[in-house]
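We call the chains A, B, C and D, going by the order they appear; numbering starts again at 1 in every chain.
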């Protein structure tokens, strides 16, 4: 197939290489010209703007957007809806909030453009060598038009048409929520080991857990790799960042009115790690001092 | 009544003053002679040892122990069980673990000594001016023998005979577990205010909440006092310490098999505040880097 | 002062009585005529519509709205902004979401109407005998115009001008978040007592805690009253409902990016109590069966 | 190697078959004769008692115990320590509490017997076709004596000598703690999907997540299998049981003083699922009624 790729960051560029390796023709654009050159070196046709990219594609066109979620994605979608024609396909492969995607789907359908919201998992390596995709869109029939693309760039059985627009990014959001919980569980387990009366080799532990245990999986393999490089993670701090999907999952559960304590506490642990100190703690300390005369730690 | 008081720290000394003000005769001992002098100045008869203290009391004797929980309390109880006689009363007013008190009750009953485990709440000020006491012991009849003491030193309706030995300290343990949850709730609320788009006066907020709101109570009064002294708690850190009862409450709930998420998370927030960094966080950060190439914070 | 009261439910009617007892003239309206009659019996002048109520007040008018949050409040505010004149005062005493109140404040200020968002605490009894109020509004000067009203109907020191519009309902929201945490803490403590090896008298425990303990306060007094009526709460289920402010507090904290584990877990405990069963549980049960052959409970 | 296997339940019998398939000679005993017959049919030499089993082995003997944790394991270990000789090997492959294993290690070493505490993961299928083992013991040298056994019955790289006695079961305990957290995270994610505005096919979702996503692993494969059999888990309830290791992990973390919120919340979710109703909820409901007149649900 012929695909236009907009956004050539670490994920977008790897996807371009993956697409080309799988026999697709790729026209590539990024605001950063250096990234366009890297795509060109990988075999893509360079484009100088979104409009140029669209002009270089034959109808029905397929354009994949891989730019940051929020405003950048929104403005790119809006511009492309002005450039694309009825029957063209527009894929948002970024981490957009699902309600944005539902709206984009509506706007696209008014112009006859097929909008697909595509949650992308599997990391940089998956993007390059076989990714994981959860794709919402106007209909299963419309999805059939871009299916050959996913047959090539995915892991075997590694893509799913999930239903109407928004459902792909929604599923990716929940996937990341689960990911938060799993990672925190692994972290907490290792923290207990770290304080244990025994003397474990973190890498060896991850290795044995990778091979046949109930908790085996990719995250444990990544733990093994991480400990192989830095046996006790002495080189890094425990400051955990987050990019939004975990929070969205909790917000969604709040709207639904169902408890998701593990996903929530995973998020809170990350947020706490970004704070040097807490006002909560100051208040508790002051109250303890108030009734019991317990020492407060002075600054 | 005539009472022997062993342990003249901030709580013990205040109790001595309270007892004397209420017409009791107090014989006082502490390993620190300065504390004994302070008790003497307050009107108590000084003693030079546990044995001397017991000898200065007339049968049936009543001895109140106010020493740190654990080994100090245990060894004091053991020594006193050797000095006291059938029909004497022994009160442990400290924060002992309830199973220790159950054991002490058993040992005392074998010698015919009435052992009472007395959980003490109300803080230093309560100890001085009218405290709060939850008292386990061999029987309601035996408790009647020391009731006059509590009629004087307690707030009105501020003491309770709770049942067999251990039940007093158990109730105090749970009281403190609730206290942990309440304090954390207040702290979290103030943290939200601190990050709010509005500009609240912390003391004024505590003051309005003290006067007629649903969450009024002593802890809110203490919040008002704390903010009066240090409007935004700029002078202290959020490092919260803990002395054991919250953890015991969670351990007890684990044994019972019932969920106590709020008390647990209050404890965890305190523990987290005592850590500079966490191994959990390092592991999560390393895993995020592993699959997504997200930046890790280097030390 | 002369006040128009719209909304004569359990809170509104009690406020009317409180206002009248404190020497105010009240014009009262409710969609339910029976409620208007009750207000009339209490000494209020009845009105037959919002418009009639406004007409019965002399400028500068003061209207207090006490209707359900959300659409009912919003449409009432909109109608009143059409009826009121420059310099009039409009007070929303309900549990509105603070962003609605910020918007209402903006709309009102465009017409020269002083809008006050008034969070009301203290329950039905407070509304009748001395309530607790947190009031946002256009300025401290504007608030001075309605201050005499609050001097009468509040507990001593039981009201606070909190700043710009929205800040009153925001503070009430956080107050309720704290309330959730405190109530769950008390509940968990009693649950531990209920499973303890001892035999506590729930009412007696609440009573002793009310009188001098660290956790004394109105909620504990209410616990004492509840246990006095139903010693082990055998007559009710543990289904806890919630009316929104707790959830809003958590949503606000999520936006702020700070952890509020105790308030969150209090909310989750309530939500869980409204579910008969969980899909989470089914999935965990199925997974346990999958690897270990553990029994699943069949329906 | 020649091994004696005591305990022929679902795990023990599968291990026997695995051992025999890998060229080991197995002498097998179980209190249930039917199980002994099944082992015999699989190629094992039957034994009629622990003593008979020991007598049928040549020195240095290796005996593997696979009986329920706690008293059954303890009494079996005690009996065997009386039957075995210096230089013999005793392996506890069950889910024993690690402090029991530390004690067993001490007792064994006094008799010159090598005691190994072997945490076994991988489920029934792993026991049969290649398991996962975490093994503590007196020394790496002593472990070399039984290494050939594990080379055969494990997944490749699927066993680890973890250090001194107790460390094997400790690591298995933490493994299960992580497992609790991971399973709850998956469950919560599916619960959100179940309440979503979209219409997901649970099995298809698990399938796509198995193939290339970040959260791929054995638990997700088991989810796929479970949904393949019962698409929406309509046939089961969400009552989750637990066998102890999750609770032990939390208890251990409490002793260490570090927060493990996710593992704890996973445990609490299970405990809550085993309760029809909670006293916590009753108290909260009664308090809400007390201040706000909110309806309580009558039984």
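Odds and ends about this structure:
The rule is simple: contacts are C-beta pairs under 8 Å (C-beta built on N, C-alpha and C of every residue); 3 or more make two chains touch, one makes a residue touch a chain.
Computed from a predicted structure; not experimentally measured.
Averaging Cα atoms per chain gives one point for each, and the point farthest from that of chain D is the centre of C.
Among the pairs A-B and A-C, the greater number of C-beta contacts is found at A-B.
Interface residue usage between chain A and chain D, two copies of one sequence, is largely shared: over half of the residue numbers at the contact are used by both copies. With centres set at the average Cα position, the gap from chain A to chain C is 40 Å. Centre-to-centre, using mean CA coordinates, chain A is 33 Å away from chain D. With centres taken as mean Cα positions, chain B sits 49 Å from chain A. Touching of two or more other chains is recorded for residues 122-123, 184, 186, 188, 191, 214, 218-219, 258, 260-261, 265, 268-269, 272, 278, 291 of chain D.
Note for the complex: chain B touches chain D at residues 214, 247, 250-251, 254, 257-261, 264-265, 267-269, 271-272, 274-275, 278, 280, 291. Those residues of chain D that touch chain A in the complex are listed here as 121-123, 126, 130-134, 136, 154-160, 162-164, 166-167, 170-171, 174-175, 177-182, 184-186, 188-189, 191-193, 195-200, 204-205, 207-220, 249, 252-253, 256, 258, 260-263, 265-266, 268-269. The part of chain D that touches chain C in the complex is made up of residues 10, 122-125, 183-184, 186-188, 190-191, 194, 218-219, 222-223, 225-226, 230, 233-241, 243, 261, 269-270, 272-273, 277-299.
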